[in-house]
Amino acid sequence: MKIDYIFYLLIFPGLLFISILGLLIGWVDRKVSARFQFRVGPPLFQNFNDFFKLLGKETMLVKEGVITIFIIAPFIAFAMIVLVSSIIGTSLFYNNSFGGDLIVVMYLLMINSVMIILGGSSTGNVYSSLGAGREIKLLLADELAFILICLVPIIKSGFQLQLDGIVSSQLQNGSYIGSLSGFIAFVVGLLCIQAKMALPPFHIPEAETEIVEGPFMEYSGTLLAFWKLNGFMLYVTFPFLLILLFWGGFNPEGPGIIWFILKYLLIVLLIIVIKNTNPRIRIDTALNFFWKYASVIALLAVVLAVFGY
Amino acid sequence: MGWYNKRLSKSIWVFHVSASPCNNCDIEILDLLTPKYDVERFGIKLVGSVRHADVLLVSGVANNKVAPKVKYLYDQAPKPCFVVGVGTCPASGCCFKKSYNVPGKVEDTIPINLYIPGCPPKPEAMIEGVVKLVEVLNG
Amino acid sequence: MSKNIIPVGPFHPLLEEAEYFTLKVDGEKVTGIDLDIGWMHRGHEFISETKTFTQSIYLVERICGICSTSHPLACVHAIEDIDNIDIPLRARYIRTLIGELERIHSHLLWIGLAGHFIGYDTLWMWAWKYREPVLQMFEIISGNRNHYGMMRVGGVAKDVDPSSIPKLYNILDDIAVKMDMIANAANDDPVLRSRLVGVGVLSYEEAVRFCAVGPTSRASGITADVRKDDPGDAYDLVEFNTIVMKNGDVYDKLVVRVLETLESIKIVRQCLDKLKNINGPILNDVKEISPGEGIGRYEAPRGEVFHYIRSDGTNRPVRHKVRAPSYVNIPTFEASCIGIPIADALITLAAVDPCYCCTERSIKVVDSARQPTKIDLLKISREKTDYLRRQINGN
Amino acid sequence: MDNVENFVSLHNTKISKLIKKKKRFYFNVKNDDVIEIADYLFNKIGCRLSTATAQETYNGIEVLYHFSHDESGEYFCPRVIITDKKNPEMNSITPIVKGAEWIEREMYDLWGIKFIGHPRLELLLTKDNPAGINQPLRFRRES
Amino acid sequence: MEINFLVMLIIIPLVVSIINFILPRNLQKLFTLAGIGYSIYIVYILYTQKAESASFFGSIILSVDKLGLLTLSFIQLLSFIILIFSLKGLDKEIEREYFILYPLTVAFCNGVILSINSISFMIFWGLSGLTLYLLGLLGKTSDTPKTIKKTFILIGGSDAFLIMGFVLLAYLNPTINWSLNNSQLPLNSLSAYISFFFLLIAAFTKAGGFPFHTWVPDFSKDAPVESAAFLPASLDKFLGIFLLAKIVTGYFNIDFSINLIIISLGALTVITAVMMAMNQHNGKKLLGYHAVSQVGYMIMGVGSGNVLAFAGGLFHMINHTIYKSCLFLSFGSVEKKTGTSELDDLGGLGKKMPVTFTCSLIAAFSISGIPPFNGFFSKWMIYQGLFNQVKEISSLEKILLLICIILALFGSALTLASFMKFIHAVYLGKRISTFDKITEAPFNQLFSNSILAFLCISFGLLSLQIPLSIFIYPALTEMNLIIPDFIGLYNPTLILFLFGIAFIVGISFFLFSPKIRYDNVYLGGSLPEEKFRIAGTEFYNEIRNMKPLKSIYDWADKKYFDLYEVGTKGTFKLSDLFQKAHPGQLQLYLLYVVAGLLIFLLLI
């Protein structure tokens, strides 16, 4: 059994798969954004080049900072994303959960933000500290709505917490996105993952023109390479999670694989469209938006789900 | 090293150092990113933090006040880091070189690897300069 | 209470230039701002020792790359003001044409950068895409994208080629369509409005107190436009409106700039119409400047550019003072940035379209290279003698 | 033009050497009167302070203010001549016109003119300058 | 005579405390250590052999069941670890009193747990409140007397409720004769309800549950940090939750609607306390609010009526005492070194105190429920239990319970946020130059912190193997509660193992790129001056200033939600009224007399 898990973790759907897919999807993002802006955009392997170039660069450490945290933070976040992705991916592709259920996944997903905060603020840089503060506020903002939308599939599957249970329940009874509450939750979930990935309009923590990339300001070389990679890997993790929770998962029979790819690309495309048509909002606006609107709508979805709509 | 340089040549992240210029080179540098010239297709990206930079684009004459900061900035950049002087100012001092507030050549402050002359250089010239840098890196 | 201080600069990606603020913050709220400039100060005094009037026009062009026609224009106005030099009609139209094209390009540049500052890169790219044709027009007219070198005392250096006018018309029509689109977008876009309305308000009273100029003051309700108040060149011959808004927030500054761009397109079109018909000289050759003082001003994209030139009859100015619009607009940060979040404060900092190169120019063309007159020599020798005598006497 | 005549008639004891050019009025005032004149121009007529210029001549240091009356496009330019070149001092108008703060700081920086009553008289452009530039725009004489 | 170990558990600390009156300081420490060590040994013995109950005055007074044993063992363990921490570094002036009071407190707490008779329970309960008061008095801040008075009044009030509750219980159930054996009183009369709620109030006040929590943060702020770690963070939690567990399983037989009320109170505790904690500027007060907020999870678990959640609640009680003591103690080390507990003045100590920082970080991760630390496991068990519960109830109840679950889940995100601020303000960020010479804490403090941090990790990873199967499950089986075989899919060791593999793969990239350079902080070219720092305490100003929350926070700042403050204010208002009626004028008194006479006559 353990060998299987290591295969899941390292090859498919874990490390190798999501890092390569993530970098490629990152290219799709950059390319489509460029087309939005009447530009040509980068070549296909641009993100790979960026990554390997950063690996070869010098790593700068801050004398006064807490260096250990500074160094291990990106790798912990990296390992966490790989782990979560392989848990989600295994449930999707093999219909087999291991390691944890949805609550574990929800808590594990917070580690990325935690590591950004710890790594960023370990240097004592004021911008990083500001960015860390914004990151944690953003986490708070989207977490409430995210918890609420995660409850919808739990309720609809008869209080199943296992990911494979949610998938198989959908394979039997149809995707939750077809129901009213599922659809509402999916839309809110799309906004939540936008915020969780810190993409525009929620790129508040690393606002380049305000606080100079925020927590990533001091990072360079290999460590920065891994932060960038983490960011791209989230392009895989979160859409997969959304598909798993709301959109019927992955049906290995017949044209299921094509449907899956189309679903995935559609979600990525929606993310890119939202990304390119909005300015960065303020952190208090984000808090207001998520707490006063998105969460209320998500709560509505939860209530609807309880009553079976 | 060759393999690495090849990667570097395909992914140049530039940081813009404005060392008391007249703004024109700066605007033209930004112009490079915009739809008409779009240097992102060569993998060139403008970054906000010098820690991420591969190339510093220096414009201006580096007056007394800003010169030590430019030097400090260069020290803080992770190596290998190349410096490109954009415009006539870093190359010769343009019309400002006799001012009381201009300490001398920018070259005295930080080592400059490549000059792109012009007041301001056309974006095409800058792209050519970057291409030359890439050629140097590759071989 | 708030012990937290954030340095902004000298190399901050907010602005392309080196600048330095220290923001006092309480959490995300800005409670105090301190400005430190001088990073761009190039001090043209010693450079200019050998510059003649004509040369100094090219020198002031290098004050700032974005207002690279406003400074020369104000400079030649100042020189012309000394002797009341008349300029030919065609030259007046050409000057107005160049000036207004510059306004379009500068405002588009600001709109794009403002988009960049609020993290709206799509707006940035779109605005700059539509700015390219303006630069193309400059290239057709003057041969340069940025430093045009068009101004001369008594006229302009280069004529507009009549054969290129239809081409200019075409490009202008293009720009006009795109500008209409941007104007509509700025009016309707709920996202932009939600981000910019009510941000960084500069009230009318504060604007008066700080003597703000240009779009910064016009967004606060001050009706001041040099082009109307003191029309030089062809501004009294063309029709246009002064755009004034009331609220003084960043959104109003954006709207003022967008609408001004539309007005500029109107003016450019009128100039091109006239240039088709008017023929004549473009330069009234000025042989020498008599002693005296002159004030020249011009409404640059950012506000009033002010040049003061004093001549003593030689071919070099005795004193040449430049006051760029950003110089008076930048201190308004002290009024508009307090009490708002950092994210808003930084876009407010950018909203006056600050140009530090202009601010810190300090051009002073002192005549230390001029030949001292007989009286001066006498005076100096007397002072020297006095000095020596005191030395000898042992004081 | 009404403004000017009113102004001249009100302050005819305080101004001297009035030069009228087309829309530009240059006149000399004494150091003691500059605050009153500035107050009148800024608060009564509603002029905007464009800028101020200092200049060293052989007679002393001249400080020339430029007040712009935007409605008519007229310029009022009061000129103060400081004769003490070693230790130039004059009254500051910053308490009346906030916009003069930087202008006067710049003059303090580049010419060394001390503005009495300025709320924050610090170097403006060459502050923290490592080269130690000192009043660069003054005449430099060897002795 | 055969030694009764139960009596010994009370007698030995009591004797240690009495002898400590006369011993010199160093011997005092040794003696206390030996005493507590011996009580640990007794607890071990109690595990291995069946304990006999002790009888006095003809009735069984002391007895122990598995739940009590579980509580006892952790009381001894935590007391021992905190004692090691206090050996060195305590303020010299209070050392003497501290080492007298310390074993006394342990004795009384043991007494509460061991009592099977309600009278002895009440006596020990009251005495433990008294030692809490005395230990709090050792604090040195200017607010100490006020705070301690408040604590004493609240705790004393809760004692009164406890007595009334027990008296009512005995009145309703006369057969048991003041004994606390499982009476399983059904809630069918008003007096039963009153008795139940009186006991609930006592448990809530002791544990620090909403709305009787207000003494905990103030006490944590003003008392010495050892006392704060010892009492509100550890022992009082044991006592309060022990009583709550007894109430809901032993004394009363309750139905689900009561459970729902308790769960809602728990969720309210979680969310209100953590919202208050987020905006604190004093480190100890922040920790105090978290001590309250975590009680909410225990209340939710223990009061839910679901076996799994009950086990989770008990487990969370153990976990909470471990990580909260660790947080208090490590912050105590910082406070002793720097001399301040204001978060605004601290910062950047992670480099100077690496071990303390690591322990603190692990405890912070535990409290915010980051897998695979222990806090997560117990929270996860509670969620599992609640999700099992939610299947079987009506829709409206479902929605209410789901909202409670949402609040609890979101509460741990808020906890995380609050601790990110705490960690940032104390250990990360920029250090001010006065702290440049600070060194690591003394060995005994490091030792106890490390033990606690180690417990956090091991209880998280081996939760099924060690704490659950050794301590908690036996207690549950004794109560005839059946643990389901499958409690949910979460395998901490597997997760850590796989995480470790991915982490090693990642970090090997770094190890193979040896080009490393040390440099100053990059601040856009400006030099890293000392004034350029973010304290981190203002992180949540946006939340503080949000529209509806702002007014709530303002009210909270004015102490409108503090029952004690409202009560005192009300009392003073009332007495003011009476005072005004007595101005000392003879005529007025005469008028009163006449008026009273008139009323009297009219009434007759």
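Letters are used for the chains, namely A, B, C, D and E, taken in the order the chains are written, and counting of residues starts over at 1 for each.
Basically, a residue touches a chain if its C-beta (ideal position, glycine included) is under 8 Å from a C-beta of that chain, and two chains touch if they have at least 3 such contacts.
These numbers come from a predicted model, not from an experiment.
Peer 1: Return the chains shared as contacts by subunit D and subunit E, ordered by label.
Peer 2: For subunit D paired with subunit E, the chains in contact with each are B, C, in label order.
Peer 1: Based on which chains touch which, give the shortest step count from subunit A to subunit E.
Peer 2: Minimal hop count between subunit A and subunit E: 1.
Peer 1: Pick the chain whose C-alpha centre of mass, unweighted, sits closest to the average of all protein C-alpha coordinates shown.
Peer 2: If one averages C-alpha positions chain by chain, the most central is A.
Peer 1: From the centre of subunit A, which other chain's Cα mean sits the farthest off?
Peer 2: That would be chain D.
Peer 1: If you average the Cα atoms of subunit B and of subunit D to get two centres, how far apart are those centres in Å?
Peer 2: Result: the chain centres lie 41 Å from each other.
Peer 1: Using CA atom averages as chain centres, what separation in Å is found between subunit A and subunit B?
Peer 2: Between these chains, centre-to-centre, one finds 35 Å.
Peer 1: Using mean C-alpha positions as chain centres, tell me how far subunit B is from subunit C in Å, no decimals.
Peer 2: Subunit B and subunit C have C-alpha centres separated by 26 Å.
Peer 1: Quick one: report the Å distance separating subunit A from subunit D, using the average Cα coordinate of each chain.
Peer 2: 61
Peer 1: Using the touch definition from the top, which residues of subunit C touch two or more other chains?
Peer 2: Where subunit C meets two or more other chains at a single residue, that happens at 4-7, 10-13, 18, 27-28, 38, 41, 43, 45, 124-125, 129, 341.
Peer 1: Where does subunit B touch two or more other chains at once, residue-wise?
Peer 2: 34-35, 48-51, 65, 69, 73, 76, 78-79, 100-101
Peer 1: If a residue has to touch 2 or more other chains to count, which residues of subunit A qualify?
Peer 2: 37-39, 56-60, 126-127, 130, 133, 208-209, 212, 217-218, 221, 283-284
Peer 1: Could you list each pair of chains that touch one another?
Peer 2: Inter-chain contacts occur between A-B, A-C, A-E, B-C, B-D, B-E, C-D, C-E.
Peer 1: Which residues of subunit B touch subunit C once you look at their complex with the stated criterion?
Peer 2: The contact residues of subunit B facing subunit C are 15-31, 34-36, 48, 50, 60-61, 63, 65-66, 69, 73, 94-102, 119-120, 122.
Peer 1: In the complex of these two chains, what residues of subunit A are touching subunit C?
Peer 2: Residues 33, 36-39, 126-127, 130, 133-134, 200-201, 203-204, 207-212, 276-285.
Peer 1: In the complex of these two chains, what residues of subunit B are touching subunit E?
Peer 2: 49-51, 69-70, 72-73, 75-76, 78-79
Peer 1: For the complex, which residues does subunit C have touching subunit B?
Peer 2: 10-11, 13, 16-18, 38-47, 49, 58-59, 62-66, 68, 109, 112-113, 124-125, 128-129, 131-132, 145-147, 355, 357
Peer 1: Quick one: in the complex, what on subunit E touches subunit B?
Peer 2: Going through subunit E, the ones touching subunit B are 517, 519-520, 522, 525-527.
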